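For clarity, chains are labelled A, B, C, D and E in written order, and residue numbers in each chain start from 1.
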Amino acid sequence: MTQRLSREELPRLYAAIAQVADLFLPVKRAGKTNFALWNTQTEVDLDTLKTAKSPKDLFFPQCEPLYTCDWREGNLTVTAQALAERDFVVFGVRGCDLRGLDVLDRVFLSDPVDSFYAARREHGTVIAFACREPEESCFCRTFGVDCAEPGGDVTVWLTDGTLYWRANTPKGQALTDRLDLLGKTDDADEQRLAAEQTAAREIIDRLPYANLFLDGWNGDATEARFASPLWEKLYRPCLACGACTFACPTCQCYDIRDYDTGNGVQRFRCWDSCMYSDFTMMAHGNNRTSQMQRFRQRFMHKLVYFPANNDGMYSCVGCGRCVEQCPSGLNIVKVIKAFEKEAKK
Amino acid sequence: MSIDDRDFRPVIAAFCCNWCSYAGADLAGSSRMKYPAEVKIIRVPCSCRVNPMFILRTFEKGADGVILCGCHPGDCHYSTGNYYTRRRMASLISLMEFVGLERGRVRVEWVSAAEGAKFAETMNEFVEHIRALGKNTRLEDLRCKN
Amino acid sequence: MQKIGVFVCHCGTNIAATVDVLRVVEAAAKEPGVVHAQDYPYMCSEAGQALIASAIRDKGLTGIVVCSCSPRMHEATFRKCAERAGLNPYMVEIANIREHCSWIHKDMEEATQKAIILARAAIAKVHLNTPLAAGHSQVTKRALVIGGGIAGIQTALDIAEAGYPVDIVEKNPSIGGRMAQLDKTFPTLDCSACILTPKMVEAAAHPNIRIFTYSEVERVTGFVGDFTVDIRKHARSVDMDKCTGCGLCQEKCPSRKTPDEFNRALGTRSAIYTPFAQAIPNVPVIDREHCIKFKTGKCGLCQTVCAAGAIDYTQSDEIVSEKYGAIVVATGFDTIKLDRFGEYAYDQSKDVITSLELERIMNAAGPTGGHLERLSDGRMPREMVFIQCVGSRCSDGRGKSYCSKICCMYTAKHAMLIRDKYPDVNVTVFYIDVRTPGKNFDEFYRRAVEQYGVNYIKGQVGKVAPLPDGRLRVSGSDLIDGKAVEITADMVVLATAIEPDPSARRLASMLTASIDTNDFLTEAHPKLRPVESPTAGVYLSGVSQGPKDIPETVSQAGACAAKVIGLLAKDRLTTNPCTAHSDQLLCNGCSACANVCPYGAISYEQREVNDHGVRGERRIAVVNNALCQGCGACTVTCPSGAMDLQGFSNRQLIAEVDAICR
Amino acid sequence: MQELIERAKALLADGTVSRVLGWRATDTPFGPEPAFFESGEELNEFVYNCFCGANLSKYLIESSALEGKTLAFLKPCDTYSFNQLCKEHRIDRGKTYIIGVGCKGKITVERLHELGIKGILDVEDAGDTLTVKTLYGEKSCPYSDAMLERCHACKGKEHRVADEVIGESADTTDTDRFAKVTELEQMTSKERYAFFQAELSKCIRCNACRNVCPVCNCRKCVFDGNAFDSVQKANATEFEEKMFHIIRAFHVAGRCTDCGECSRVCPQGIPLHLLNRKLIKDMDAFYGEYQAGEDTSTVSPLTAYTEHDIEPEAGKGGNE
Amino acid sequence: MSELTERIMEISGADPRKCMKCGKCTAACPVAGEMDIKPHQFASCLAKGQSDLLLSSNTLHKCLSCFACVERCPRDVRPGRLIDAVRQCVVRARGQAFLTPEEIPELLDDELPQQLLVSAFRRYRR
């Protein structure tokens, strides 16, 4: 059942949700919009289509302690990091980013289950946010994401004056039940909503990347794609930074390190990037000794290895953040198109 | 001043060059001049050995003040070391203030081997200054705070 | 993991009175890697060292920490001890819990806590120590003595006698220094020139000694055993080889109004001159500032009269570059300026003079031919007053806070000589204290009083006022009688404080030798290494180190020579292994390090580097360990951290930081 | 642009150079990428337009190790970085052929987004104004509004080094480059702290600033290695970001040419150039004006000294 | 150290322990002959803790405050200031010690030199 709320009432909605659980939503700070904990002071920003960083670090933080060893006067104590216990709500997750969570679920919830991630998934309720004005870097449809009907525990649509709210899951329903400020919708509302969705989908048709297809990419393509001479040309502008990786809603590689606290160590994990020269560095050196190999790894993983192991699911969701953020103008679209062009020759 | 302030015992690291300031500190000691126990001295061959990295590390690990002491310019045991120190630290101190570190948490002083009294005086003053500034909260790593 | 032993010294009660030594032992024992911890009353004693040695052997220690006095005191001791026990000497760290802890704190709890932290820092550091092997460098078997006074001459003679070549650099046209200006010397009253000139001649004639007069040190590079010194030989305008020393040029020179420095400007000299009759070398110089030829282009009389054709107006300064193994500083002293002591009327009356001026007046070769007379009117004085401590022991900023040490004795000498030669002259000495420690010194002073009837008054002079008749009213107080004293004197002699020669400061900078607030050079240890500078290879002779009289200067000069000989006798020196080295995997070859290296120890090579199987040729910094002195300037300028300093590595210093902040 | 392509083709053909470093056109008009071209045919994809902001000099480090000369197209400001890299022996000048290209200031699509222009399909450069076709209609804005921050403080239209120059450049300076630094200096220490806290806490430690920086060219960064026990990969605490950026600014002090690439590429829009400019402003004031990369011989202020330099005293970083 | 000695040292800002007994102060003093306790003895008495002797000394009246002794003293003992400080202790002991700011307006008149006020403050301030 779809419910509604006038746009002016949003602050009340946030306050009401915050009563129930910690609320994370897009917040503008120092000119950039990222997901952050809400309080009455925060500057909520629902106008920016994509947060600079995807919401993945609410479930898989960029850095999290695993356990702490404390050594004082000859006594050693080891304390494991507690799992998430507080309920939280993430408001404003776009369809692409939501698909990103599905990808992460495949990795962290399959055996062996990552207990830190699982605890956060269990305690987190996702309010998906339908897109109204997709932008030039978007290509979610290539991966079958419908930005006008994103799903999630709850889906919300925001029109000029109204927020529409629909619970999709028991978790979403439970949250909805605890909020009393949502109103009922009528037929006019339903029609307006449908029109909004249609308009958004029409824009998707007109996007520059509307005709991006994944022909030739899947688990079967391993050998040929790996050996292609195209990589040697494609990687050249790459600076080996991690902007694409850290912006990506699906990249899930991490490194485990120890931090010397002075009285012991804190073992923590943090995001890693396959673009970094010390990625998977071992005592003997590195598996991949050139940037070309590292660059190839990233795209082979997203477009070949991952689908091969996950029933054809690509680990790219078409959010377009890498398109926007790569300092050298590289991105997954260029890779897909380069191979497409090669195939046509 | 609240009770907390009076109890505040800052952690202070003093990098001292072996030839002048460390010897100056020795002289302060053999002359039985008093200065606060908060000051802990790290011996380096020359003030120019002190990397900005060390200074930030000191704050990271919970220090409230860092003082770097070397020979007077012109008297460096290695001829020119402290001239470089002087330039590097002028820039570093300014940059750290620029990003919002309180004025005077990092300090450079020239103390010769004969200036035991100046060493003690400098340390007394510096500790007083840091006590007045209070705990370093703008440049600390909370992981070291347990 | 290292196996570390911690040894905590009581230093009698020096440490134990303020630091709870046992708690330090207890805390250290709980640190990771520490397998042995103990205390002992005197760790540096033979028994203490034996204890360390046996612990190293018995427990197989790989590193030790000694919590004791300053490493500047006993680091070498404990390193040798470790080495004897089979442990690399660089696996020793010292925690300074005496000078930096027990001696500066009163509260036992506070001091103990601090000592524990200092011990921890040393333990943390020693965990990262690696055995280091000292390298070797060659010794240039030649010494340089800067200053040609009695200190420099004696040092040079002693070194030369041992068979090593030695050069003397003297800024004046002749060697001889202050001693050459003196008339008689205490406490024996023998003639200064009579005992000095033979030494000057001996130095000049010695096959191992070269003398550069009218010369100054311009630049010093290098280090112990291998200094390179640029010496500027000022243009003498007289050819040293041709000049016969006949003196005709000086006689004929028409420019005669130049103040005579040797006579403390009490007389004048010609523009071409030797400072004094016994000058060595006996070759004049032309003072270009006062020479008519150089000022106007006309004259040239000296050239005309010189039969040897030695006059050469075209000479220019010459820079010679020489290598030395050791450098001796013997730059001596000067008297302070008296412009801030208006009360003594030095600037107002010609008859108020300094003691050094009196020396010249008393000297037969001086401006008055050795007659005691007033410079104002040439009359014999009847009433003479000596004032002691003029500018010495003065902490109000006008003078020097130290005691000049020689004034009491030379004033007694002057008083005695005057009373001896002119029994009609009344001599009064105003003093604060009469300080006469030294062999036969007090006897000498008592003779002045008892035998020669010199009138000593305890009390300082408040004012010297010139009277209209040219005499001087001296107002003082007799503190014993509690009465004011007023004397109308004909001459007043000021025992002016002495200070290091002004060249000392610049020289110390060049030598990177440390200098104290009074510009005296600092000794490596005030008691145990009094003739060495903390800068290896630099030695101190004479007043440049502190006020002293002639016998003391000569004995110090000998001691200094012995140290130099000890150094030159070695074929090679063990070099400090705490040098920089470059990690070729990290080095970018950017040259930043070479830009800041004061020793030119860094060069670059194209090298093939194997980085975990990835091979490539690159430009890599290479440190010459014989040249590197271990300052560490390069380590900070290197952005990638490729440059590191052994013994004070990045990680060692960071470990200390961490331990202190913990 | 055609002239550049023809010239490159000629130099490739006569064997003067073995490869060409320039920009390649991609599927969007506003996303040219830095690229190496090794044949005349490949050069047909060459593009040079108002979006070619990327500083290409750093790529020459890699190509210095290859056989033969590399032809590089450098804008006036890129030549400063090139000189600096030559000075640091990272580029072999003998293995390069530099063609200076004209520049009238570069723009980015980021700036257009910030101006509220969304869904950009095409951008047309009509001299002083830009016409932007979007999914939501046609928009326009003054050219200079879309310019990179660094172009507002242009270093001038002269190429500091070039074997030949093709095209006209313009000096696009219209602000005092130290204005923001001065503004920050005049804030209280607390305000400055809040400003940088807000900015730097956005940092995701992606290292884009470091990796794009021409003078951050260490084989292995201290933050990737163990030389200082300072390896960092995380943005675990606020301290780490501050330490990273302070040390990075310090490591490039005296070497930074103020090319502004760090700020251009930051995905979180952190004005990182402010730290570098503060250091430049200070060094100019303390030791006399110095522009890194102006030539290949002048030593940087931090590896030089005079006997009477100013003392490292508090109070130079800004108000208390 | 007696309270009086401490007070004298505080007021004068001088330290009699620095004295090396050279007597230059007395030698420089134009009226030392008429003093029962001469400037150098003044310092000595203080250093020995005999400060009460000074309160009745005629030196307090004889001293011209010309400060020649202060100028000449090589050790910065400043005997003239010591004498002045003892004077003030005597004045204060007489109970005229405290001129409070509140009293000032009553004392003001057009004839009163500004300097007097300043000097009064300096003298009477504790």
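We take it that contacts are C-beta pairs under 8 Å (C-beta built on N, C-alpha and C of every residue); 3 or more make two chains touch, one makes a residue touch a chain.
Remember, it's a predicted structure, so these values are computed and weren't measured experimentally.
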Greatest separation from chain C - chain, by CA centre: A
Chain whose mean Cα position lies farthest from chain E: A
Identity of the most central chain, Cα criterion: B
Whole-Å separation of chain centres (CA-atom averages), chain A against chain B: 46
Interchain centroid distance [CA atoms averaged], chain C/chain D, Å: 54
For chain D paired with chain E, centre-to-centre distance based on mean C-alpha positions, whole Å: 71
Chain D residues counted as touching two or more neighbouring chains: 220, 222, 228-230, 236, 302-304
Multi-partner residues of chain C (each touching 2 or more other chains): 596, 637, 650, 654, 658, 661-662
Chains grouped in pairs wherever the two touch, ordered by label: A-B, A-C, A-D, B-C, B-D, C-D, C-E
Complex contacts: residues of chain D adjacent to chain B: 181, 184-185, 189-190, 192-197, 222, 228, 230, 236-237, 239-240, 242-243, 246-247, 249-250, 253, 275, 278-279, 282-283, 286-287, 301-307, 309-318, 320
Partner chain C, residues of chain B touching it in the complex: 11, 13, 18-20, 22-23, 25-26, 28-30, 32-35, 37, 40-46, 48-54, 57-58, 61-63, 71, 74-81, 84, 88, 112-115, 120, 144
In the complex, chain D residues that touch chain C: 65, 88-90, 217-222, 225-230, 251-252, 299-300, 302-304
Complex contacts: residues of chain C adjacent to chain D: 583, 585-592, 595-596, 604, 611, 616, 619, 637, 639-642, 644, 650-651, 654
Interface residues, chain D side, partner chain A - complex: 26-28, 31-36, 54, 59, 109-110, 118-121, 134-136, 198-199, 201-202, 204-208, 210-212, 220, 224, 229, 231, 233-236, 261, 264-265, 267-270
